[in-house]
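Shared between the two complexes below is subunit A, which has subunit B as its partner in the first and subunit C in the second.
Presenting the complex of A and B:
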């Protein structure tokens, strides 16, 4: 009896441990039932998705890097930079379409350079992308002169601020990129090679996978996605500025891991990453909305940060602890 | 004939190795020469005093970070820790006096560091990537606590009633102010002396004690060190505690420099710059290779770089680009060096 309940408890814990992100989302939503502000409406859902969309797009790209057992901490600066490039080009008379294309290509080029340094020269991904982020932040500051830049062109503004079949367009773009990334990772040989080389680099190399090219391509995808997110974000708020995106790279990488794409490489997927980002953004959004009339007017902003930090530490610590237990069991 | 050729090649390799090994030193020498030619103001006594005064918070935090990177880990909780320690120490000035408050701050630093280390050991985060995200989360937590304590308001030193002579003199004072004699020495800033003091202690600790060398073994190969009987978990807690202590010193140096300390900006970017200083100095990120003297080289390069760029009146945003470029190049070259060896 005792043993049975123990093993049942352990089993439940194990299942819940694997689906931490779903549990977290459920807990947040249950907590919101007690709030006086009703967030279970269509408008709230759209507002939430619009806010989360740029981070989701970045996360779809970063998933490729994390599955290949690397990470990319330059995505925040790439995001700033591509928005600034797009707006500066439009202001100097370049057609919107070409300006956006060049901005996205800038991310591709940065991803290519990252890939060269990390894969071809075999340097440590996390420190080289950290340095790259610093460098690009400087470029973004230099280009915008540390001032927010904006454009009068309505065409650029409408990229993210119009509606397509009843949905905000930024959400539609996010979904398209998500589906593309999902298919790329799930149904192509490139995607399967990513999982293989993340699982075991040496084995993948000896099985005849072109590991260098595959991992390199993963970084190119990551850079491109970050640049797309930058264009979407700067179009939504009609501002390109070098000041945001300082915490983005760490938060996005963190969310990807929280979703279930492990740092050990080789497991995870686009859907899980989306869930991870959803946890982070939902936590923020719901904490901002949470209030109980007459009892709690709202949550202090610093308490929000505190809860946020505790959730990050708790989820990643649980992840580590599960791996540790698994090792000890074997 | 063949032997001679081989010898020659070996000698050439040796010269090349020397250059590669002390690349940062070469870079510093080149930087000094170029700046001295372009800008004569560089070689004035005033500027040297200026440079020595720059060995402030960053040099302390970088010394602490050296041990963590040597042990094969990483700590991103610096911004939150600096903010929390600085705010608590400053708010204790009026309650228990200056020196007790500073001692409390240092103890708090050791405690926070030990907490980080223990947490990582307990949950089994024995790789750099896991440590990266957990300490990032810890930074958010510490920063939030610091904001809650101060209510988000900056603390101004001008409103502290209790006399705080150490804080006032730490970054602006020189040796001459204390001892009153006038010679060349009297223009050396006090922070620089404090820096040399901690550098000497940490250098002896790392090179001459068993514990210090165990850090290198732990970073070199965690599993082998554990099998070899080194208490790796205790070493982990220890290196995080050392870093916490040095961060506390850095926090004190940071708030002594500015009349108004704001919780959200006082610690910003220290984690990034410390890691950069350590890695540029040549301490390997994979752990086990490097020492505190290399970090001094790294810190010197960063300080000299910004001093030279300021003298040459380079746009501050462009300076950021150069700094990032130096970091990326340094890591790249460092990696090539070890890959060839």
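Presenting the complex of A and C:
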């Protein structure tokens, strides 16, 4: 009987380990039932999605990098840089469409450079994208003179702040990118090759997959998504600033892992990453609902950061525990 | 038989993994001071049994008595301290540390410091007649030397029983002889050894007693003198096999591929040609450059001035993807490292190379993909519960078949097989030989590299000997004796 309960406990842990993001979301939602404010309404859902949309778009991109057994820590700087580029171009008279396109392409180019350094020069993704992030941060500070920039152009403002078929437009864009990324990763040979080379680079190479091109492309996608997120964010709040996105790369990379896309490469997916981001943003949203950030005025941000840290550490620890169990199983 | 003579006795061991019964009622006894062979096809349960002994797996039921002590629950470190060491096929050494540090890893305190550890390591190495410097890094050692270090490490724990899992798979013939001398020496000193191997010759040469396993059962334990080679094979596979090799195919035709001037750091001016429908064998010692040649052809390694012509058309091959496009397939030497994504399913591993061919506008056609997997699983009779089973749960032979299936689906003109039967059981070996025959009969060409000389000689139409990065001879295996070919491969030919 002792053994039975033990194995039952292990089994439950194993299942929870696999579905931890869903469990976390469920727990948060249950907690919200006891909140005075009613979160289960359309408006709340939209408000939540609008805030989470930029991070979600970044996470969709980062998923590609993580599945290829890499990561991208430059996404935060790419995001703030692309926002600044878009706004400054518009302010200097460039048509909105062109400005946005150039801003997005800036991310594509940075992704391309990241890919070159990582795939061709064989650098470690973690450290090179960290450095790239700092570099771009410098560029952003320089370009914006370390001040927030904004534009009067209503067309730019309306990119994220209008409605399309009854939905906030930023959410629609996020969903479109999500679906595209999902299909790309799930149904195309490119996506499957990403999984293969993340699972085992050598094997993928030996089975004739063009590993260089595939991994490179993954970084281009990551960079592009981050730049799109930058445009969406700066349009939503009509501001571009070099101070945005400091924590974004950590938050997004962690959320992707929390969702179930492993840093060990080869497993995971877009939907999981979306869930991972949902966990983090729900947490933030709910803390606001519970007024956790208002209990002691002045330390609100600290409490939030503390809770984020606890959740990340706990979930990653569970993740690794599940992997450990799995290894001992076979 | 005297009871005190038994060092290890296991009784009625059962072990199940999800979906598989790995061991059923396994019982055997190992006598003190003997070399006890354990043979069986892959998946027969040998490794599982050894892993239970060492404490990596826990048994479901049964008893283990080691050295008069009943062992209920054990961990790897406890078993080692009790005097039961295992030397795995993949060595368990820290590459970045020195030999002395590796031998006494985690015991520096007991040894009263690093200097004493080195001193003690020296003594132990001397005792088995090895001259390895205890201060050299393990990463600089050859496979044979690493094995010496492993044996020394086992001895440093005063092991009464040393289990060796496929110790010969990475050794050259000379190194193997030295290993045998050491094993013999240890036997005289009263150390008991369990020797697991696929190579029956070694078993007959070395062991006193043999246990044959099949499908998780222990078929029988017998004195080696009471057994013939054919008996043993029959016990292993449960039926008699008449031949170890099928009849040699003779389909060689026109010249298909010409390779000129492979030059790398290791290879010197390698040029040869391959005919359509031919099986070309490369013979040489481990490290002679056989693998490097095929890796250069396939594009896995860069080579200077390399000229490859297929059907008189000059090819540019810079990376494996180019090799694949040019109709060359490679079954790599190390199937776990370079051949399979072990965490992927059988289906995913098989279709890995063909995805681009069955994709429309980049989108993979899933039903075609499943067809491919089903077709190859059936054609190669891969034993897997479902196509979605992870490849790491399959036996070595079936894993190898998955990689074969991946390439056969692409139907390459040239298939390069690098050690296709390493670590594979007798039954599956024969199936792979038949497959090779089928490939050349259908117009494909094969280059085969193998450390098992009889296999190359029995299957090839032509043999090239390679020694220290050069081609030292070309032979027709039907006309030349194995001895002459080996002579050229060792470098004594000219």
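Simple rule for what comes next: the second predicted complex is superposed on the first by the 310 of 330 C-alpha atoms of A that agree within 3 Å, B and C clash if a C-alpha of one lies under 4 Å from a C-alpha of the other, contacts with A are read in each partner's own complex, and residues count from 1 in each chain.
Keep in mind that, in the parts below, contacts are C-beta pairs under 8 Å (C-beta built on N, C-alpha and C of every residue); 3 or more make two chains touch, one makes a residue touch a chain.
Values in this document were obtained by computation on a predicted structure and should not be read as measured data.
K.L.:
Where does A:221 make contact in the superposed view: on subunit B (first), on subunit C (second), on both, or on neither?
P.N.:
neither
K.L.:
Give one of first, second, both or neither to describe whether A:132 is in contact with subunit B, with subunit C, with both, or with none.
P.N.:
In the superposition, A:132 contacts subunit B only.
K.L.:
After the superposition on A, what does A:122 contact: first (subunit B), second (subunit C), both or neither?
P.N.:
first
K.L.:
I'd like to know which partner A:24 touches here: subunit B for first, subunit C for second, both or neither.
P.N.:
Once the two structures are laid over each other on A, A:24 reaches no partner at all.
K.L.:
Tell me which partner A:196 touches in the superposition: subunit B (first), subunit C (second), both or neither.
P.N.:
second
K.L.:
Let me test your reading of the model: by the given contact rule, A:188 touches which partner, first (subunit B), second (subunit C), both or neither?
P.N.:
The answer is second: A:188 touches subunit C but not subunit B.
K.L.:
Is A:206 contacted by the first partner subunit B, the second partner subunit C, both or neither?
P.N.:
second
K.L.:
Can you tell me whether subunit B or subunit C touches more residues on subunit A?
P.N.:
The partner making contact with more of subunit A's residues is B.
K.L.:
Where on subunit A do subunit B and subunit C both make contact?
P.N.:
Touching subunit B in the first complex and subunit C in the second, no residue of subunit A appears in both lists.
K.L.:
Okay, in this complex, where on subunit C does subunit A touch?
P.N.:
17-18, 300, 319-321, 323-325, 329-330, 332, 337-344, 348, 352-353, 355-356, 359, 362-364, 366, 392-393, 406
K.L.:
What residues on subunit A touch subunit B, complex-wise?
P.N.:
Those residues of subunit A that touch subunit B are 71, 117, 121-124, 126-128, 130-139, 141-142, 145-146, 250, 253-254, 257, 263, 300-303, 305-306, 308-313, 316-321, 323-324, 327.
K.L.:
Where on subunit B does subunit A make contact in their complex?
P.N.:
76, 119, 123-125, 127-130, 132-134, 136-141, 143-145, 147-148, 152, 272, 275-276, 279, 285-286, 315, 317-325, 327-328, 331-332, 335-336, 339
K.L.:
Under the stated contact criterion, what part of subunit A meets subunit C in this complex?
P.N.:
Contacts found on subunit A: 183, 187-190, 192-193, 195-196, 199-200, 202-212, 266-267, 329-330.
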